[in-house]
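Each of the next two complexes has subunit A plus one other chain: subunit B in the first, subunit C in the second.
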Partner chain A sequence: MRHGAAGDAGTWLIAGAASICLAVMLMVLLVLLSAGLAPFWPASLVELQLRDGRSVLGERVATSDDTLILRTSERERAGGAYMRIADRDIAAQTRADDAFVIALADGRRLFGRGDASAAAVMAREVASNAIVEETLRPNAMGTPTRIAVFFRHLGRFLGTPSVASASVGGALPALVGTVTLVLLMSLIVMPFGVATAVYLHERSGAAARLVRSAIANLAGVPSIVYGVLGLGLFVHGFGASIDRALYADRLPVPTFGSGGLLWAALTLALLTLPVVVVSVEEGLARIPASLRAGSLALGATRSETMWRLLLPAARPALLTGLILAIARAAGAVAPLMLVGVVKLAPALPIDGEFPYLHPSRQFMHLGFAVYDAALASPDAMRGIPRAFACALLLVGVVIALNLTAIVLRHRLRERYRALES
Partner chain B sequence: METLLSSLPDIPTAIALESGTSAAVEIALDVRALSLWYGKRRVLEDVSFGVPARKITALVGPSGSGKSSLLRCVNRLNDEIAECRVEGQVLIGGADAYANDTVVHELRRRVGMVFQRPNPFPLTVYENVAYGLRLLGMKHRRELDEHIESALRSASLWDEVAARLDESALTLSLGQQQRLVIARALAVGPEILLMDEPASALDPAATLRFEELLHRLAERYTVLLVTHNMQQAARVSAFTAFLHEGRLIEFGETDALFTNPRERQTEDYITGRYG
Partner chain C sequence: MGEVVVAAGTVVVLGALLIIPLFLIVNLLPWKPLPIGGWERLGVLLGGSLKAAVCALLVAVPLGIATAVFNAHFCAPRLRGWIKPSLEILEAIPTVVLGLIAVATLAPWLKLNIATLLATLVVVPALLLGAGMIFGHRLRRHQGWLPIGLLPVVLAIVALVVAVASQRSEVSIVPASPWNAVLIGLALGLAAVPLVFSIAADALMRIPAAHTQAALALGATRWQALTSIVLPAAASGLVAAIVLGASRCIGETMIVLMASGNTPLLGIDPLTGLRTISAELALGLPEAEPSSDVYRMLLLATLALFGLTFVLNLLAERVRASLRRTSTPGMYAA
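Then we have the complex of A and B:
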């Protein structure tokens, strides 16, 4: 009986732990989804009649127990017209159907009431040299219209470049930068990681033990240290030498001698090398020794056996390594800040201009955009929601990249399933 | 390859078998004073015998007697084990497998091997047989097709898999898998086939089919068969070698060895008194 009771406690413990994991995961998704998508929803405009006789029109951006914060027309600059209003000062709240909001391309928003001509007059008066992105009347919208506007905003966020700073405009450059960086990192880390794993699998001497413990230690180095290493070794070392040798005519303007996509990808490749090596080596070790013996007995050399049989059979493990590497690389922001990520990049690292991929260019990154929007934005009321939106997008990118690899791995596993038995 | 075949002039083309029969037999594989160590442990001790060509020779003996290790000396698969040391000679067609100028992977093409458990590669049936051919540099589809069909026919598998060439080899039954790995070995054109308890994972029906196949293979190949199963050795082999604790106790024609063993140990083993 005692044994049975202990078993029950164990079962509950395991079930509890598993449910907590699931709950945390759901919570993360919920928070990211709700806070990350909120900025794209066309919020209602409110007009407040204050007790002192004034009336103000705007969007409510935050509320607390006894006050609210209202964004009113930003005539000077984005983030320059917040009003903190105590609840007791408010006489009445109305949501007039003819209230409109003008969104300017520089991020400013203007609020007013009246028909289309009133909006045009306001736009001309306040912002004669600014581009009007859209004029909305959210109070008059039904739910379907709001949903349509929500998706239009979302599409604009994903599809347009950033303006002035990473906290205004779309996230396209950060999205492109992140994906390009991760793909370039994968291209670099996979050959090195696989080659190292093959070496460790084939050798068992003192040298292999040394390499293995070096790799284990690399896995424990904090990511910022890799950033410093990348700055010192790649940017100041290799980059400066390349500039002196190949781009001497452009000096003192650095080409490769300042942070850029290539150096960031190399730094991340160093960071993710251990996970690739470990999972590929484990994958190779899982392949039955009889397959190797069978290949050798047919007259294959060791390297032929590795190339033609073992590595193909270890492809699921290679993909596992890649998945782990992508997850680690996409989340590393600290080292990137030292080797090439910027708040606002003038050009994408990949474009239609020869040679299409520009490894020396500085680039934007979603992880950095989260940090920048949350902590360095001059307009916290916009920065925080934007940080959530970027974080959501980053998670989406990682999930999309991983899903691709997981689907691929699943299809390979089907082929090799009988091996595992 | 030529030098491999033409070296060593004093090849015995015939031996007088110890059991008394003095029939001249062509020797395909001559093991001379072979000793093997794994580290400090001596696994084979001064083993000498000649394996007749195009016959089945069974290697029997209790577990740990060194049967598999001896087999793995012939195609030098023991080289893969660190701290493994070999003394003596293994003459294949007159050339020593352990000579300094032996190219190991060429040697292994001449000596096919079938393992205890079927070990098809996780590839299609076709690619399993094509594996060795591709190693030889064969690329043209038609040439591959021909060789693969002929290898599968030789292994009595063609009729069963002709329509399943593009399926994974792992979907075949164990008996089919074992014949597939034989076809794979035959495809590269070996002279000698080493078989390490090849039927131990098979059910009785598959074993029977397998033994029929062995008989057919013996018309063209020299087969060295390790087996735990005395009945099997008696049924299929023409010659039998009995190993005990790394030493060759007795070697001779199977009939003679089973009915009238010279050594006491052999008699004890084949009558099941130990082992």
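Then we have the complex of A and C:
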């Protein structure tokens, strides 16, 4: 064997592992993008002539080797009109230009053929008391129209509340719940995280080593354990005590004694504390020592140096820590399942009614919406696409925050490079 | 005044670490025996967690460590600037999303194609090794860009495998459940790759470049420098990466909750479903009445989970600290 051939083979093997990692990441993003955006695309309607003489009009929702699943007019309830049709039973397939689909506000779809008056008759007949959201003729649409409809659907998904079963309608409450939760969490975590980072930066004794290893261990505790703590200590412990002391007249209906926004925010604050501490401390450490020495030499006390000089200079690091914490919190779903996330909340945690923010209310969350739509939806044909749409939204939010953190970190480095020279 | 604020914040952080075990122990303290079958159930759950973690590590450790080794030792500097951020983005994807992909996209395919997966696991490394032996010496100067060169090849192999698999109609290996330990291994392993990678890469980067250069100057190939100098020096860091990866896999909740089938069965067959401690907590605790038997059993399970991950983290932290003391990162200047 040639000299070094074994080494070359080994190199190729680990290079292959690296490219598998890249390939998998690309495929995950691709699956997410395609499956997450597909629900908003106006799909073509097909009319199938079956061998037994019937003909059915509908939307193809799934295909496998020898069968397809067709969604036909849902006259009774959403999810009640799927047909599983074997390929061998189909005599012919056509795409009629005059086929239309009526989308009702309760999530049902009606399919038919004919002109505008036929659609109006059908809507009146089947759904006299339901609101017609839109009537589309996807088969007659050109690509530009389809794109316009796609963006309209996307806008509606982002901008409207969910209804009834939470498996139809928009994702606005989940988005608002997620954002409110992480903002409240940031208000709680930032002061403590920054204080600890400052402590670690200023001291280097046995106590600092203890705190440092506590932080490292806190980062490794599984998120579900924080959820158990939140449920047992915050909800059943603090919450029940607050209820007994302040809301005794409402008992046994719990106010703070059941899961809610405040307890979820506290739980997430504990979860994200290590992230904030580590990144703020890193930012403080990167400030040139000459700056600090200069300030002390000019007669500033340590405390003045910290408040007037180091913390302002580390402002981008604080922002980085905050954004990473938010990204971590937005992705943490498991602890929330124990401390107050629900599939359909009666009211938003934030509204125009005094005191505007309602920390005891239950809330909806994008991550939980993904879980719920994927596994607990009564209509899997709608649940899975909806779960992917929510997942794409969640990933979009998280990746945008992470990219912001990376850009901020880069700017911070440039700034100190300028200071040093 | 600033000092007081800082001290107060630090006390809160210390309290936060102590409060978890304290809370669990205080709540379990007037000790009452578990209901009949409680210990058996705990054992099954613990076994499920360990099984999920082992399957995931079988995926995460080879991929994560190999990528880290390539990144640190062979990679072209410009490509290095891309691999790390890519894996950071993978790490940022919430696990609930990976669970969704596992249960909605991967599971239906895997149910029919376990044999294809096994064949790929044999064929792809064999192809890579063979190609490296034959073409390796000609491309040695460009080996820093190999992952990009191999990317289309890997994607083509995957596409080919999927295409071939969809042509066959008979299924040669039928799993007991579509939500099985193999699926968990793939999804959870993927989630753990970035963590294993970043810790292993950190350890490898601490090995002074001068060591490698000395070996190369004495006539060693890059591969020989890697196996005889770099890997032994970074071994403890790689062990820490594996241990932290294990800790992460044991505690992960959403992926196992969504894709494991949640069947409390114990066995080493990787084609059956499983149920982990974390999934049991997420499913059981919201319904459990405080201070009931079930609630206490779940708290005991939490304590077991916390203790297990705590010990693993402590171990990894020790190993990494000793590595930090013995190596001098200042010497690394490429």
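Keep this in mind: the second predicted complex is superposed on the first by the 371 of 421 C-alpha atoms of A that agree within 3 Å, B and C clash if a C-alpha of one lies under 4 Å from a C-alpha of the other, contacts with A are read in each partner's own complex, and residues count from 1 in each chain.
Assume a contact is a pair of C-beta atoms (placed from the backbone, for glycine too) under 8 Å apart; a residue touches a chain by one contact, two chains touch by 3 or more.
The structure displayed is predicted, hence computed values, not measured ones.
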- First, second, both or neither for A:Asn139, with subunit B first and subunit C second: neither
- For A:Ser360, is the partner it touches subunit B (first), subunit C (second), both, or none of the two (neither)? neither
- Of the partners subunit B and subunit C, which touch A:Gly220 in the superposed model: first, second, both, neither? second
- Query: If you count the residues of subunit A that each partner touches, which comes out higher, subunit B or subunit C?
  - Reply: C
- Touching partner for A:Val24 - first (subunit B), second (subunit C), both, neither: second
- Message: Looking at A:Thr267, would you say it contacts subunit B, subunit C, both, or neither? Reply first, second, both or neither.
- Response: neither
- Message: One more residue to check, A:Leu298. First (subunit B), second (subunit C), both or neither?
- Response: first
- Task: Could you look at A:Thr180 and tell me whether it touches subunit B, subunit C, both or neither (first, second, both, neither)?
- Result: neither
- Inside the complex, what are the residues of subunit A that reach subunit B? 204, 288, 290-291, 293-301, 304, 308-309, 313, 415-419
- Task: Using the touch rule from the top, collect the residues of subunit B that touch subunit A in their complex.
- Result: 75, 77, 80, 82, 105-109, 111-113, 115, 117, 119, 121-122, 131-132, 134-136, 168, 170-171, 181, 184-185, 188
- Across the complex, what residues on subunit C touch subunit A? 1-3, 5-10, 12-14, 16-17, 19-20, 23-24, 27, 62-64, 66-67, 69-71, 74-75, 83, 85-90, 92-101, 103-105, 124-125, 128-133, 136-137, 140, 143, 146-148, 150-151, 153-155, 158, 166, 169, 190, 193, 197, 221-224, 244, 247-248, 250-254, 257-258, 278, 281-282, 285-286, 290, 298-299, 302, 305-306, 309-310, 312-314, 316-317
- subunit A contacts subunit C in the complex at 1-2, 4-25, 27-28, 31-32, 35, 65, 191-196, 198-199, 202, 210-211, 213-218, 220-229, 231-233, 236, 259, 270, 273, 277, 303, 306-307, 327, 330-334, 337-338, 367-368, 370-371, 374-375, 384, 387-388, 391, 394-395, 398-399, 402, 406
